[in-house]
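Below is one structure; the comments refer to it alone.
Read from first to last, the chains carry the letters A, B, C and D; within each, the first residue is number 1.
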Amino acid sequence: MYHIALFGAGRIGQVHAINIAAHKETQLYSIIDPYDDGAQKLATQYGAKVQTTEEALADPMVAGVLIASATDTHAELIEMAARAGKAIFCEKPVHLDLDRVQECLKVVEKSQVPLFVAFNRRYDPQFLTLRNQVQSGAIGKPESLIITSRDPSPPPAQYIKVSGGMFRDMTIHDFDMARYIMGEEPVSIYAQGSNLIDPEIGEEGDIDTAFVVMKFASGAMATISNSRRSGYGYDQRIELHGEKGLLKANNINENTVEQWSDFGCVSAKPEHFFLQRYEQAYRAEWQHFTDILAQRSKPECTGFDGEQALRIADKALESLITGKEIQM
Amino acid sequence: MYHIALFGAGRIGQVHAINIAAHKETQLYSIIDPYDDGAQKLATQYGAKVQTTEEALADPMVAGVLIASATDTHAELIEMAARAGKAIFCEKPVHLDLDRVQECLKVVEKSQVPLFVAFNRRYDPQFLTLRNQVQSGAIGKPESLIITSRDPSPPPAQYIKVSGGMFRDMTIHDFDMARYIMGEEPVSIYAQGSNLIDPEIGEEGDIDTAFVVMKFASGAMATISNSRRSGYGYDQRIELHGEKGLLKANNINENTVEQWSDFGCVSAKPEHFFLQRYEQAYRAEWQHFTDILAQRSKPECTGFDGEQALRIADKALESLITGKEIQM
Amino acid sequence: MYHIALFGAGRIGQVHAINIAAHKETQLYSIIDPYDDGAQKLATQYGAKVQTTEEALADPMVAGVLIASATDTHAELIEMAARAGKAIFCEKPVHLDLDRVQECLKVVEKSQVPLFVAFNRRYDPQFLTLRNQVQSGAIGKPESLIITSRDPSPPPAQYIKVSGGMFRDMTIHDFDMARYIMGEEPVSIYAQGSNLIDPEIGEEGDIDTAFVVMKFASGAMATISNSRRSGYGYDQRIELHGEKGLLKANNINENTVEQWSDFGCVSAKPEHFFLQRYEQAYRAEWQHFTDILAQRSKPECTGFDGEQALRIADKALESLITGKEIQM
Amino acid sequence: MYHIALFGAGRIGQVHAINIAAHKETQLYSIIDPYDDGAQKLATQYGAKVQTTEEALADPMVAGVLIASATDTHAELIEMAARAGKAIFCEKPVHLDLDRVQECLKVVEKSQVPLFVAFNRRYDPQFLTLRNQVQSGAIGKPESLIITSRDPSPPPAQYIKVSGGMFRDMTIHDFDMARYIMGEEPVSIYAQGSNLIDPEIGEEGDIDTAFVVMKFASGAMATISNSRRSGYGYDQRIELHGEKGLLKANNINENTVEQWSDFGCVSAKPEHFFLQRYEQAYRAEWQHFTDILAQRSKPECTGFDGEQALRIADKALESLITGKEIQM
């Protein structure tokens, strides 16, 4: 039984708490959160302790840490945990600044602890099925990738301020997905964006609607379509065109019931947001981290993957600002 | 160029007129209808003559007749046309009385003219595709057939009175389809029905909602689900389960546009009624009749098929009245 | 925390074990199974005890029992548990003999313990959504119900022997569903069946393919289409036609990925069998039983429901044997 | 009855011939084609004459011309027909050179004859339904448009040579569609492309796979995904995201039959190519031209529309070559 210290008792921390507690090889051992009430509440619910960062990292019972705290604390916590010899599961991103990411990854490398950067969508059974099919040659060589990724509704402008901007906060998942599906690195990128949904987002200097085009070394291309608001739930789809046809991963809908009437045929909307859509992905990524703890596996998604996705996000922003295609 | 005399200038006659006129091997030569205004109007539209029954059948220019007149005139017109040596295309049914049908078919047989009984659904590309797939062995031996056939809204009680009742008027198409798909004859039948939609239909002694179960010699079974009202257009679906899986022919919808919003995902309804849904079938059955005229083909759907469908309808009614399964 | 004694460590017992253990208000306290190895293994996995029937029922720690043992033990275990004052969750059926069921329910009534008969499909989110929509008037008055229920592949003939026959074993779920959706009792029933799949099933005197038609007091009707083998997974669909249109609950498929190629557009099959398809239903029915234990709810599905479903199954069999519609 | 002179007896000319001949207000009067055998054959089929360009334009019987000849003859034929006072239906494009287009349109303007530039997709019932729904406010203000347009298989390199390149030949339809759906002009464009399918296309200096991003004055954006080869038929889809949700126009498939088996659920491919997919569109655009002839309507799609689509294509090519976003 591996004892886990969970950093962050917020929304995403709570998702992970369920899976840590439910897994027969792991136990939710302690919660660390500057907001003490949140930490206490979550700890009580799962029979875990509340610890400080220092206590947790010094505690020999702790085999691994799950970092689900505020974004700006990730890099430092990773470094501290690495030095303390703990296996690390970190929510994306490592940091919003690329130099800081590289610095942090050096510390991890030196310490030789495993670091898993949790791009949850890689563990979604739909996208995994699609990727397995590509890799088995179902459609031959990939040529055109189309990623649709739209949130149900925009976050508060308050959040935008600390988010690093749309590309580093939201599109970063799609950049990782593009690399994951295509199995190669982009060589150029172009991004276009608008502030169409919430003027307050524009006032923070950010966009809320974007299109990105990437070209890969093989000549294959990818486009990403993003919006902070769909109007119909969480829209998470992938289309991959190859030599012999198309693979499509569609949304998961809330249910399978249809109503046919004089007004048309109505079926259910996509699952509302990431907590619902990626419920299975969160469970599967925890299984993977358990395999890492048990030394049955190495991290499939590494610090380097986190770094690359951020690098692409930075270049996308540069393209948006300059109106030019940027070479990677 | 084969000259065609069209009996009946009503709704279904007008559908056939389009196809007769559009086909490069046939010409709409004359219209026969007791309602003179209707005949004149249709004749003018297509540059055809108005004739009496006697004139048309005596006219050596007339190669074939299309009988789309009132149901109770079919048998007599078939006999007259047969005696006049004209090739015959007749809308279902030959007659509502089985004895009269048999009498009529004897006249046809003696005259040796081709008689095509127009069960239009056999020419629907969806059902044809399904049948071709069964026959090519796609699902192995057929085991369970489920036919869904629902009209958008009930006809006036006035029509019910002369219709022969739901089984002889509406379900007859499904009885024919069951024989056509299964490739064998039913050995028993059970029917259950209700008057749920329009009380006036009940007052005419008829039902408007029905379920039928048939068993075939091979042990395979079929069920038919009928209603005089769907609330969402014309519902025409077939499911056929066999040894190796399922074949389904779905509805054709009015368009392919979807709207996704907070209220769900809305797509278009099925095509409204038979004129829309079976537009291609009407064209294809006319092509078949042209092949008969040109002696490139024999009637694929014969007087015997018309007789069998009516026989099954009669047994269904007997089952409904007696509450018993009827042996064929 | 309610302590639960689980009778039966087989396939379905294991499903329930997961949910009992995962629920924060219940604990898997003990396992009772004549096959000691199975009991020990399951007990070890969940940190539970192995008990005898007598020990469990005499144990004051046990608040409720879950009966997932062999069918022919259900009635006796229910009676013993009732006399011991334990809340009872029982897998369907109570017993295969209607008189025995009635006898058993009298004992339950006298003891005043809650008895929940677990028709799992009532807790499937798809069917629940459909039912909620009917009850909210979405399609007006229900008129025609079409239940499709097909297993992926037939059970061994060995199982058929003790199953009570297709209607009491398999269709019983659909009889319950029909009552549940329609909200009224059938007044007549007709059943037709064949042995098409496995000759050994026929040698046991059973069928493997069936159609059933029921009529309700309101004139509404239902049909059930059953097969012991689909060839494509577990087929669990409902269509309900009403005054204003149709509600359809479709299958849940294994994933949402499509492949489009020269051979057509391929999407995933339905979930393989009940363990996958009804995973959420099993969790939800356990939540309901927890509510019963905590006296927040009364059993929504009672001994009477179990009795009625069996009564309908008996009448279906009578119809199959006699070839007659049977009045209830 | 308007008499029509048809320039071009090739594949697309034959499509138009069917509709001209079938329409009750128009007659296929003459065929003009330098390839005499083709002209004769088509003329014979429809009882039309064969004429020279000069004869047709001097013939007072000719009310309108349909120009479906080789691309490089369009501009000159338009000018000649305009001077001869004939109403003009011209297949896209007017010319591959923008200056020549502008020159030609001046001649048309002076002559005051109606010129209809036939962007057939505007008349597709799917796209028309989508546009009507946007304009009725179904999804509020348009924000992101995603056009998928893929041919089943690439044309011969021979054709590529005279095509004007992918953007002027193929994407031009999508540029027009973007303007048509969005109801505004793009202000910037970016294009990326690759030669992935047929090396001979690359040898002609062209691409066969492309992504385009356009931004409009309102801040709304559009992306176009093109390929000369799909592997599964003609892929013609539109997604339009707006304030209140999404409108999607899906492909029309070859039929509605599904096969469910152990290998998954297979449904039919999209219609093979434009002749099938846009059959209704060709009929509808001819209806529109008949309305123009009868002065019931002005051209909905004008020379200016043809010019604008070409201008966007030119800018896309400039972007592809320079690797920069181009301002319009």
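We take it that a residue touches a chain if its C-beta (ideal position, glycine included) is under 8 Å from a C-beta of that chain, and two chains touch if they have at least 3 such contacts.
All figures in this text were calculated on a predicted structure; none of them were measured in a lab.
K.L.:
Looking only at C-beta pairs that count as contacts, which pair of chains has more of them, C-D or B-D?
P.N.:
Between the chain pairs C-D and B-D, B-D carries more contacts.
K.L.:
Which chain maximises the distance between its CA centroid and that of subunit D?
P.N.:
Computed centres place C farthest from subunit D.
K.L.:
Using mean CA coordinates as chain centres, what's the gap between subunit C and subunit D in Å?
P.N.:
So the centre of subunit C lies 58 Å away from the centre of subunit D.
K.L.:
State, to the nearest whole Å, the distance from the C-alpha centre of subunit B to the C-alpha centre of subunit D.
P.N.:
The computed centroid separation for subunit B versus subunit D comes out at 40 Å.
K.L.:
Residues of subunit B that touch two or more other chains: which are they?
P.N.:
Residue numbers touching two or more other chains: 139, 230-232, 244-246, 260-262, 268.
K.L.:
Quick check: in the complex, which residue numbers of subunit D touch subunit B?
P.N.:
Residues in contact with subunit B: 22, 125-126, 129-130, 133, 138-139, 244-252, 255-262, 268.
K.L.:
Which residues of subunit C touch subunit D once you look at their complex with the stated criterion?
P.N.:
230-232, 253, 260-270
K.L.:
Which part of subunit D faces subunit A closely enough to touch in the complex?
P.N.:
Residues 139, 141, 143-144, 146, 148, 150, 188, 190, 192-197, 209, 211, 213, 215, 219-221, 223, 225, 227, 230-232, 235, 241-246, 323-325.
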